[in-house]
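Labels for the chains are A, B, C and D, by order of writing; each one numbers its residues from 1.
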């Protein structure tokens, strides 16, 4: 438009000279594109913080109200599996960080290796989680679907746990019924976390396929970097879930 | 051109709509459904929210018709409950929340900051698809029998005592929430990262500032609603209750989490409206907005304080009295920025050169009605009077003054203001001025009596009511009829103007925003060359100089 | 100037070395071991006033979790090398999260004070 | 005028006869509330008039015809400070005034007469201490503070008497209180204002305010013979509460005489006032409220007693001011002789109940 008065002639036109193929048309520079998508990812993670925030709030409140039930119910969780899973997830975070590094250094083989490792560790996490879930199902600790309070009304009926925590008192009926709340929150929180893992692994699968054709080792690291942020965030959620659900009433 | 008008149209005998523009660039349905262009997505949004507005409006009509008589005679109580619930859900989540941001905001944001598009065009399109999916789910809910929880999903009523379709309605709102998160996220990124050279924060139009503030609320508030609805759905399906008192849960926890989003949500709804009003008032008084910085920061202040006040919806609901005290105090603080805005707008008129085209009429209407809406909010924010007034028609009147009198007026003002930019054609001025007047009269007739009937104590959400409230309800219903006409008129003449309206030219209002410095309708990438911002926002002297320069060069 | 130009200058896309990552990994695993070990020890409690007691175990567990989170955020997520905007974004996220928790708790905690 | 349609005529008639702009003031608090209300209306009117005046004046003075060239003004710090500080001051006055009123409405005086209200879908059940039951009606005398102890049996309801300017949510699982002192005899509306399901709008009733003499007559005329406390006593015996809660030295439950309104130390170390809400909690969720020195052996009565039953028990415990009544109850019921064997270790220290503060 000749009469578009705010337009200065060609001052920024130099940005149009050498676009890499991955630069979207509406960005002026690659840096702008990287900054924008990176910032968007961070904002998305903010929404995730608030999303889990509601669950943490519910957990905090219910734990304070029904402390005894929450303590004894948490003894049902297997600390070994929990620790193993934490280690697995931290390792996967490391391999993911290394994946980002490989992409930055444009090392395709290394990138594939680290993405593959991350994928495997993610699957391992889900595998362990499913073992734990199966355990809960067998012990009738799935609220709403397969539920029994027996091991809290009478801890001796559950010798495996009772041996480790001989101090556990039989809960009175009204308190024992609140253990269902603990397991509900346990499943809601870990389930929501596992859902994020599943989404992450699906995206990772897609990324591994694209990485094989060198999509991320040509200088365009945005995608890997942003996915890394997501993956680390999921790790952080677990870093908090682990002590809150497994650890804080073990002594 | 008459002396009392600001309109500066090109010579109609020679003027033409530019051949190349975002509407004509590509053709076919697919080019629309797969578009990344923010202007096209805004158009899609405009059509869809108008559709939902009229569904919600029809439901409102049914409500008013039922309330014409004290008995519940037009429909049974449960039907009435479904009608008002669907009215609330559709209007709040499918009209008010996306109304200005997803349509006008989407259309203008990149142009106002001199960018080619929003930072994330695909996310923008995804946001529209999520909206449509959510809308279809909501329509499906309505088709299979509706839901009667009210838009607030109050537990344990919604989780254990109703056998209507709470789950599908909850999920619809959940999905709509994500649509709104993505819009907000996109705006924040765009405002931070996509500004053209020279476009500093304090050169941004106030429209952008208010959208920025609203976006913060969308991004940080909506997820809490999402998780709350997930928990409600889980409670209904698995029958476990963090919100159910008989199972040891706390129904007030639901209220806390719900209002943590839903109070900021009213700011999500109204802040973009503030943006529109700032633009319109400045343009039609040919003057920079009085105290630009104060207006800009008051938007941000509303966004920040907005997170601290939610429990004022719960003063009588059994929260601790000390907490009520804290939340009441903070509520008083959040009322101040709105007062600042009103006075700053009023003083923008001072020593201006004012004309009264339709957008300005709507904007003036907005200022009056929003003042009433805001001040009556203080009645409800003060703990003592809240006891008597809450849960009555006073509340209904209050939020309709803010949402319909405020937000909808702002929306219509904005639609008229940017219609020439959007379509390249003018709307019929006289008819639209009439529509603005009809809307204003109809609105006051509908909702003002509700303040009185609320003070008298008439509870909201009643299908039948004691006969002594009838007179005021008849006024209200009569007003609703007028209001309905006021809303139908723009649809008719705006559609008409698509073909027969006068060609508008680039800048019919002689406004200063960057969006007016390009052709109308704009090109797909908005500007032929990325502009450089070398003046302050609302610099009408700069505009004069530009015009003179052009004349000189010709 | 808008941020994209600033950030371009101050942040030439810093690449963190694999050794840093390795060190962080070891620290994280160490912290995990520590928190599991600590959880089996009764760290006791602190009676602040009558009826208000602080238990050290959850405090320590959460402190360790926060330390782990900080490491992940700063190094794995590169916030240490990022723009002020990113830092501000992270901070505001925690701020609003704390608002949600603390403002809700104003209600629950003060309910016990009076007869309401 | 005979061509006016009958409907319209009816409407006009209604307008002239059944029309008010302001609710009656029938309680002591009502004029206080209205004072604040009218103060707010006044401030709002002044504010609105100011805004409208500014807009109209400027619109006339500075319309394009009169004022073709706008004068650019940046802003004015003094003006902006003025319209920040003055509204803030006014809002703060409203806040303080409102808060004082709020605390007054929700803090019953010590000498108030207690009436229990149970909300359920879709009716209000009112229980007077003398055993008078009412549905969707509330009879009260003038000149005497009445405390309402409100609870809901199912969903949220809200007990609202516009003429008294009193409203309080009925919450499932928790007592809430409000109070009023009626001043003018008459019949007033009673509403449920919190949406509670299908027949929400049918959950209405009448508040009948009577002179103290009339009220006395009404009380005697509608009593069922048993006071609420007596109902409670019967329930206390039939649920065998007295098997543990008695005055014997080896009793396994705390003695309940004069327990109401006393400060209790719980096994968590917390001290708590044994008010209505606490008593209700202690009956329904006993294990969360263990008095120091006792074992958590009390079974829950959740789901076994109706809300009315709990109210009767609470009322009974409230009125236990001497051992005499407990003894009486004790003697009338049979005590199992083998308590000691049955009870799981009564002397054992209760398991530590802890509160976590993450």
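Basically, contacts are C-beta pairs under 8 Å (C-beta built on N, C-alpha and C of every residue); 3 or more make two chains touch, one makes a residue touch a chain.
Bear in mind that the values here come from a model prediction, so they are computed numbers and not experimental data.
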Maximum distance between Cα centroids and chain A occurs for chain D
The chain pair with the larger count of contacting C-beta pairs, comparing A-C against B-D, is B-D
Once you find the CA centre of chain A and the CA centre of chain C, what distance in Å lies between them?
16
Between chain B and chain C, what distance separates the C-alpha centroids? Give it in angstrom.
36
Can you compute the centre-to-centre distance for chain A and chain D, using the mean CA position of each chain? Integer Å is fine.
44
Touching two or more other chains - residues of chain C:
3-4, 58, 61-62, 85, 92-93, 96, 100, 104, 108, 116
Contacts with two or more other chains, residues of chain D listed in rising order
106, 176, 285, 302, 354-358
Multi-chain contacts in chain A, i.e. residues touching at least two other chains, fall at 32, 35-36, 39, 43, 46, 49-50, 53-54, 57, 60-61, 64-66, 244, 248-249
In their shared complex, at which residues does chain A touch chain B?
1, 3-13, 24-26, 28, 32, 35-37, 39-40, 43-44, 46-55, 57-58, 61-62, 65-66, 143-145, 177-178, 180-181, 184-185, 188, 192
Could you please specify the touching residues of chain C with respect to chain B in the complex?
1-4, 85, 92-93, 96, 99-100, 103-104, 106-111, 113-114, 116
Touch list for chain C against partner chain A, complex:
3-4, 7-8, 13, 15-18, 21-22, 24-25, 28-29, 32, 35-36, 39-43, 57-58, 61-62, 64-65, 68-69, 72-73, 75-78, 83, 85-86, 89-90, 92-94, 96-97, 100-101, 104-105, 108
Write out the stretch or stretches of chain A touching chain D in their complex.
60, 63-68, 71, 169, 171-175, 244, 248-249
Residues on chain D engaged by chain B in the complex (per definition of touch)
11, 14-15, 18-23, 33, 36-37, 40, 43-44, 47-48, 51-52, 54-55, 58-59, 62-65, 67-76, 79-80, 83-84, 87-88, 91-92, 94-95, 97-103, 105-106, 121, 154-156, 158, 160, 162-163, 165-169, 171-174, 176, 189, 191-202, 204, 285, 302-303
